[in-house]
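In what follows, chain A forms one complex with chain B and a second complex with chain C.
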Partner chain A sequence: MSDRPVWQGKPRPIALALKGLALFLICAVVIFPFLSVVSTSLATKQQIDANGGYVLWPTSISFDAYRQIFDGTGVGRSIVISLGVTVVGTAFSLFCTVLAAYGLSRRNMLFQRGLLSFVLITLLFAPGMIPVYLMVKQMQMLDTYWALIIPSAVSAFNIVIVRGFIQAIPHELFDSARMDGAGEWRIFWSLVLPLSRAVIAVVGLFIAVGYWNNYFGPLLYLNDQTKWPLQLVMRSFVLQNHVTSNSSAQPGLAAPPAQSVQMALVVIATLPILCAYPFLTKHMSKGMLTGAIKG
Partner chain B sequence: MSTPNLSRRTLFKGAALTALSGTALNSLTACSPGTGGSTAAAGKAVPVPTYVEPVKPKPQYAGNAQGVMDVYAAFPTNGPTTVTGGPVGDGSDFNVLVMTYGQPAPPLEKNAYWQLLNKELNINVKPQLVPAADFQTKFPALVAGNDLPEVVSIPVYMNVARLPQLAEAQFTDLSEYLSGDAVKKYPNLAGIQEANWLNGYLNGRIYGVPKSDPVFTSTLYTKTDVIKRAGGNPQPTTLAEFKDLAKAVNNPKAGIYAFCGGVDDITFAESLMMSFGVPNKWTQKSDGTFVSSYEHEQFIPAVAAVADLHASGYFHPDTATMSKVQRDALFRSGKLAVVADGNRAMGIIADDHALEFGMIAPFAQDGGKAAYWQGGGAYAITMLKKTSDKKRVDRFLRVLDYIAAPFGSHESFVMSYGAEGSDYTVQNGVPVLTTRGQREQDLGLAYIVGGPQVLCDPQGAPGVDKQYYDWQQKAVPLLVPNPAAHLYSQTYNTKGSSLDQKMRDAIISVFLGRSTASSLKDAVATWKQSGGDQMAREYADSLKKSS
Partner chain C sequence: MAVNQALPRVLRTFRGRPPDSPDSPEVPGKQPRPAARAKSFVMRMRQDSPLLLMTAPAVLVLLLFTYIPLLGSVVAFMDYVPFLGFTNSQWVGWNNFTALFQDNLFWGALANTFEITFLQLLLFFPVPIMLAVLFNSVAMPMVKKFVQSVIYLPHFLSWVIIVALFQQILGGGGVINRILATHGMSGFDIMSDPNTFQLLLTSQAVWKDAGWGTIIFLAAIAAIDPQLFESAAMDGAGAWRRFWHITLPGMRPIIILLLILRLGDALTVGFEQILLQRDAVGPNAAEVLDTYVYFNGVVDGNWGVATAAGLLKGVVSLLLVLAANKLAHRFGEEGIYRR
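Moving on, here comes the complex of A and B:
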C-alpha cells in the first residue's frame, strides 16, 4: 500500500473514466438547457413543432425571432433601461454597502454595536410588500427609476460579507497608515478599497445580477409600461403564453414561432451577465472563499 | 372548480385575426367556467339594463340568443357609425387599469393604432397594463396605496377579495345611468345581454360594465388526421368509444399519445365530469338549498375514469409537468390526439392553415343525454372611480359605448384593425392585420367591455368558423348553468381560491395515480368543513334576498 495520500496516487483507468463520465454529466446538465434555449431561439416553427416545443440542435437557422424582437416591440428600450438601472443601481448600492461595511468594521466607531444590531435585525424581519409600496409612494418614487434602485440599495447580507472581509485586513496596516498621517477617508480610499477588490467584485456581481433580474420592483412601482425594464417585458413574453408573432396575419409571411421569440428574449436577457462574468471570475474564488471563511 | 384556461395568444388573436363583435375578441371563450359568485350580485336592487339588439350585418351563418355565435366571412370595411352626438371624449386623459395577456404595445409616438384611437375617441388613452400572472399581486398594492386609476377593469374569474365592499367605497354606482331604459343613451352598451350584465352587479347595484363572454367552457380538441390514420372514431358518443379512440391512437413507441394534461390543469377531468353528468359547480334543490358538484354521486366516478385512462398509459408521460406551449407543439405535430382546453383557447384554430383538427361534441358516458357546463357570461367588468361628476360618468360610458360597438360597425373596425397601411392592408377585399397591427393593439382595451361576439376568421384554417359553429349547435342545447353563478358568497370571495386549489390538487393527485379515487371523499369532506358548507348557505341566502 502506498504511503502517499489517496489524492496523490495515480488514478486507476476505471476511476478516471467514472470521473470523466461524472464531469460530462454535470457539464451536460449545465449546458443542455442553455443549448436548448439558444437552439430554440434559432429554430423554425416546423422544427419546434416536430420536437414538441423545444429544439436541441436546429437543422436550419433563422434569426427571425431576434428581428421580431427588435422591430418595435420596445425590447430595445427596455434593455437600455435595464442596463441603466443596473449600472447606476450597482454603483450606488456598492457605494452605500462598502461605506457602511467599513464603518461597521471599525470597533472604535460611535454606536458601532447598536448600528450593527440595527443592520442585522433587517435580516430577521423582511418588510412586507404593501408597507414597502406605501413607503415608495410616500417618497414620491412611484413611476420613477429610483423606485427600482433605492429600496434595494442596501442589503444587510452584503454589508456583513464586506464587513467580514475588511475585518480580515491586518490592523497593523491601518495603524501604519495612521502613523503616516492618513485620515479615515484616506485609509478607506487608499487602503481598504484596493485590498477589498475581490469582495467588492463578488458583491458587485451579486448586486448587479439582483438589479438586472429584478422584475418585482418594476411590476409594483412602474405603471407606465414604456418604463418597463427588460425582465418585466421578458416576463410578459415568456409567462403569458402569447407572442404576437405566432399569428401569421399575413398569408405567406411566416412569422417566427412564439417559442423562438421567448427563447430569443431569454438569450438577450442572459447575455450581459454572461459577458460580465468572465471578467470577474478572477475575483470570484477569492472573494467567495474569504467570505465563507470569515462568515 | 377550475382555473380559467385563458390563452393570451388566443385572447388577443381575437382582436388580431378574428374580428369579433364590438371588440373583435373571440377567444375570451377561452375561459373555463369560473367557480361562480366571484363578483356576483347579492340580488338586484335595480333593474337590469334594457337589451336592445344591435344592428348587425347579415351573417354567413346565423347564431341564436342561446349562445350560438354568428359567423361572418370577413369584416365589413364600410360599416355604419354607431356612436353619434359629437366627440366621444373631452380630450382629457383616460387612465385605465387592464389585466393583459400580452406584451407592452409600442409607445404612443410609434403606435399608429393608439394614435388613431386617441383621435377617434378624443381622449388620451393611458393604459396601465398588469400582466395576468401578476394581477393578484399588483392589485392589492394599488388598492392599499389608493393608486387605482380612474377606470379599472377586473377579470371576473380573478375573485378579487371583498370586491363588493371595495366597489361601495371606491367606485361609482352606475345604476342611475345604466339600469332599465337609461342604458339606451348608450346604444352599444344596450346591446349587452342580461346574462353579461349580471356580472356587473355588486351589492345589488350596477358598478361594472361587462365584457361579455360566450357561453362555452372547455372543449376536447382532436387531431382528426392522426385519429383517422389510426382507424379511430374522432366523434365518440360514449365513454367506451372514447376509450376505443384512445386505444386506437395511442402508440408510445412512435411517441404518439392519446391525451395530455398540464401543470395544475384539470380541464380534461372537467370534460369527463360533464360526460358523467356532474353538475356545473352547484345544484339548487327544490327547497332553495345549494349542493356542491363535489358531492354529486358521479363526481368521484368521473375522476376515477380519468385516472383509469391515465393508468392505461393513454396520457403523455410528461402530463404532470407539461406546459401549454409544449402541449400545443405536440398537438400540432401529431404527437397528441386529444387535448382539453378552454374554448378556442388552443392557439390552433386561427393561425395554422395546414392544421387538421376537430372538436368532440359533448357526450354522455353511457350514451344518454349529454351535458355541457355553461360559462358565467362575462370575462371582466369595468368600473369608474367614485365621482359625483355626471360629466365624468357620461364620458366614461361614452368611451365604453364606443369600445363596445358591435361587429360590422365603423367603431368596431377601428378597434379591430386600426390604421390602414400600418396596421392593416386590404387584400382581395379582406382587411388583413399586419404584424405591426397585431403588436400595436396590445393596449388592453379589447378586454374591458363588449357585447355578443361573433366568429370571423378570414385568415384562419379553412372552414374553422363553420366547424366551430356546428360544434356550438350541438353544445348549446346541452348547456347546464351554474345556479350560483350570479350569487354572492363572502366565504367564496375570501377563501374560495385556496379551497378550490386544494380540491384541484386532490383531483390531480387521483388523476395521476398518486392517490386512490376514494381519497376524494376526505378531500370533499374537508372542503365542505373548511368553507364549502358555508358557501352553500350563503348562496341560498343570497338567492333569497334577490328573490
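Moving on, here comes the complex of A and C:
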C-alpha cells in the first residue's frame, strides 16, 4: 500500500490525520461545484424552486433541461460549429506542427538554422491583439471559421516539443531507410509518424482543448451571432442571462433561461473535456516534461 | 554494435554528404563536411526541397499572423482609418502615445494590472509549491494519483465554465448564499463586488491552475537525489529540516525560473477571465491593459491609440524578462537562458 521509504520513519497519527483532511478538502473544493452543477441540471423545476435555486442531490431525475436546450435555441448548431472548428483546427494545426517539426529536426537541411530561429523568435515577440485583428480583416477572414482556426494554428512551443521527440528517434532508422532508397516523404509517413504517435496524440489533445475552449477568438472575429460556437452561446445563456438573438424570435424562449437549462449547458460544454481527460492525464506529465527539460 | 557505428560512415562516403543524425555525437577526426559544404546550392536545394516544403505551412502561418502583424504595429504611429487602409492612413508620429499618456483610463488600467500581478505573486505563486510538497509526502500511490487527477482537471476547462461554476457556488443566488439565507445569516455577493474583485480573480486562478502548476514542482522534487534525504535522516534531521535544507534548495532553480517568467508576464493578467466579468463589477475595478486595448481599439475604433498601448505592453514585457533574467544571473542562478 505505502511507498514510504524506511528512513522517513512512521509519521505521527495526528500528522497523518491532518494530511488526510487537507487532501480531502482540496478534492472537495474541486469536485463540489461539479456535483452541484450536474445535480441542478438534472433536477425538476419544482425541486429547484423548493430548494431556492440549487440542488445538491436530485431526488427525481429529469432530462427536461437537456431536451429544452436542443429545441430550437441554436445550441445544437453551436455545438456542431464547436466540434467542426475543433476537428478541422486540430487537424490543420497538427499538419503544420508535425511536418515543420520533422523538417526542423534535420540539422543539415538547407536554411535549417535560419528557419529554426524564425520559429523560436515568435516565443519572445508576440504581436498585439489589434495588428492581428487588422491582418485577419485584411485577409477577408472576418466572420469566417478560418479566423478561429488559422491565426492560432502554429505555436513554436508545440513545434519544439514534437521536434524534441523526433530527435530522440535513433538515427540509424533514418539512415537505413535512406539506404533502401526511401525519400523524405516516405520516411516521414512510414517512420516518423508511427514512431511519434504518442507525442502527436498529446499535443493534438492539448490543441483540441484549446480550440474547444476558445471564446475570445469568436467574440473578436465573428459578428454574426448565428455562427457563434458553444462557448459564446454559453456565455450569453449563463453569464449574461439571455438567449442568443436568433432564438428570441420565438416568444416562449425570450425569458431568461431557467437555472437547470444554464447548468445543463455547462455540463454539455464540460463533457468533451471529461472524455478526453483520461488520455490527457495518461500522457501529460510526460509531454510537459519533454517540453520543459529538452526545451 | 560495430555495424551500427560503421553504417553512418558508409553512408557518408556513399552519398558524399553527412547523414542526417540529429543526436549522433560528433565523430572526431576526419569529417567530410567541407566537401558537403562545397556542394552547389542548386543541388542542395533540390535534395532538401521536400523538407523545405514540409516546413513551409508552419512558416507561412507564422509569417502571416506573427511577423506581418509585428510589422503592423506601426499602426501605433498612424491615425489608422480602416477605410483608407495601411497605405493611405496618415502618419502622426508619437501623437498616439501622448494621447495614451493623457488618458486617465489607461493609467487606471495600468494600476489595476500591477495590483493584480502583485496579488497573484503573493497569493497564487506559493500555492502550487506548497501543494507539490504536500503531494510528495503522500506515501500511498493510489491516493496520490487520485488527488492529482482531480486537481489537474480545472486547468482544462474554459473560463466561461469556471466563471459559471463560481457564480453557481458563490454568486448572489448561488449555493453558499442560499445556505446562509436559510440559516438566517446575511448573504454576500462577491461576484459583483468591485472592492473584492481582484481577490475573486486570484481565487479563480488558484482554483483553475494551482493544481496544474504542481506538475513542474513535483518533477523538481523527484529530481533530487534520494540519498541526500536518507543521509540527512541518518544524521538526525527531522522532516522540517530536510524540507528546509534539501527540498527547498532543490526546487530553487525552477522557482526562480517561473518567477522570471511570471515577471515577464507582469502586464498580462487573465484577459479572458476579466473580460467575462467586467460587466458585473464595472470597468473601474476590472479594466486592465488588455481589456483597455480591446475596448479602445476593436470596440471604439481608436486603432492607433489601442495599438500604441499594445506595443508599449510588448516592449515593456520584453524588457522585464531581460531584466529579471539578468537579476537571476547576478544571484548565481541560470534563468531562462545561459549567459
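One rule holds in what follows: the second predicted complex is superposed on the first by the 215 of 295 C-alpha atoms of A that agree within 3 Å, B and C clash if a C-alpha of one lies under 4 Å from a C-alpha of the other, contacts with A are read in each partner's own complex, and residues count from 1 in each chain.
By our rule, a contact is a pair of C-beta atoms (placed from the backbone, for glycine too) under 8 Å apart; a residue touches a chain by one contact, two chains touch by 3 or more.
What you are looking at is a predicted structure, and each value in this text was computed from that prediction instead of being measured.
*Asks:* Mind working out whether A:T226 is in touch with chain B, chain C, both or neither, as first, second, both or neither?
*Replies:* First partner only, chain B.
*Asks:* By the touch definition at the top of the document, which applies to A:R235: first (chain B), second (chain C), both, or neither?
*Replies:* both
*Asks:* Using the touch definition from the top, say if A:T73 reaches chain B (first), chain C (second), both or neither.
*Replies:* first
*Asks:* In the superposed arrangement, does A:A258 touch chain B (first), chain C (second), both or neither?
*Replies:* It touches chain B, and chain C stays clear.
*Asks:* Of the two partner chains, chain B (first) and chain C (second), which one does A:K137 touch, if any: first, second, both, or neither?
*Replies:* The answer is both, since A:K137 touches chain B and chain C.
*Asks:* So which one touches more of the residues on chain A, chain B or chain C?
*Replies:* Per-residue touch count on chain A favours C.
*Asks:* When the two structures are overlaid on chain A, which partner does A:M129 contact: first (chain B), second (chain C), both, or neither?
*Replies:* Both partners.
*Asks:* Check whether A:D49 is in contact with chain B, with chain C, with both or with neither, and answer first, second, both or neither.
*Replies:* In the superposition, A:D49 contacts chain B only.
*Asks:* Taking the two structures together, which residues of chain A meet both chain B and chain C?
*Replies:* Of chain A, residues 51-54, 129-130, 133-134, 137, 219-220, 235, 239-240, 262 contact chain B in one complex and chain C in the other.
*Asks:* Quick one: in the complex, what on chain C touches chain A?
*Replies:* Its residues touching chain A are 4, 7-8, 11, 14-15, 17-24, 36, 44-45, 48, 50-52, 54-55, 57-59, 61-62, 64-70, 72-73, 75, 80, 82, 85, 131, 134, 137-143, 146-154, 156-161, 163-169, 173-175, 178, 181-182, 207, 211, 215-216, 219, 226, 229-230, 233-234, 239, 271-272, 275-276, 279, 290, 293-294, 297-298, 303, 306-307, 310-311, 313-314, 318, 321.
*Asks:* Please name which positions on chain A make contact with chain B in the complex.
*Replies:* Interface residues on the chain A side: 48-54, 68, 71-74, 77, 129-130, 133-134, 137, 142, 219-220, 223-226, 228, 232-233, 235-237, 239-251, 253, 255, 258-259, 262.
*Asks:* What part of chain A is in contact with chain C in the complex they form?
*Replies:* For chain A paired with chain C, touching residues are 1-5, 7-9, 19, 22-23, 26-27, 29-34, 36-37, 40, 51-54, 56, 95-97, 99-100, 102-111, 115, 118-119, 122, 124-139, 150-154, 156, 159, 166-168, 171-172, 174-176, 178-179, 183-185, 188, 209, 212-216, 219-220, 231, 234-235, 238-240, 262-263, 266, 269-270, 273, 276-277, 280-281, 284-285, 288-289, 292.
*Asks:* Show me the residue ranges of chain B that touch chain A in the complex, using the header's touch definition.
*Replies:* Residues in contact with chain A: 7-13, 16-17, 100-107, 110, 127-134, 137-138, 140-141, 144-145, 147, 149, 323-330, 332-333, 335, 347, 350-351, 353, 427, 432-439, 442, 459.
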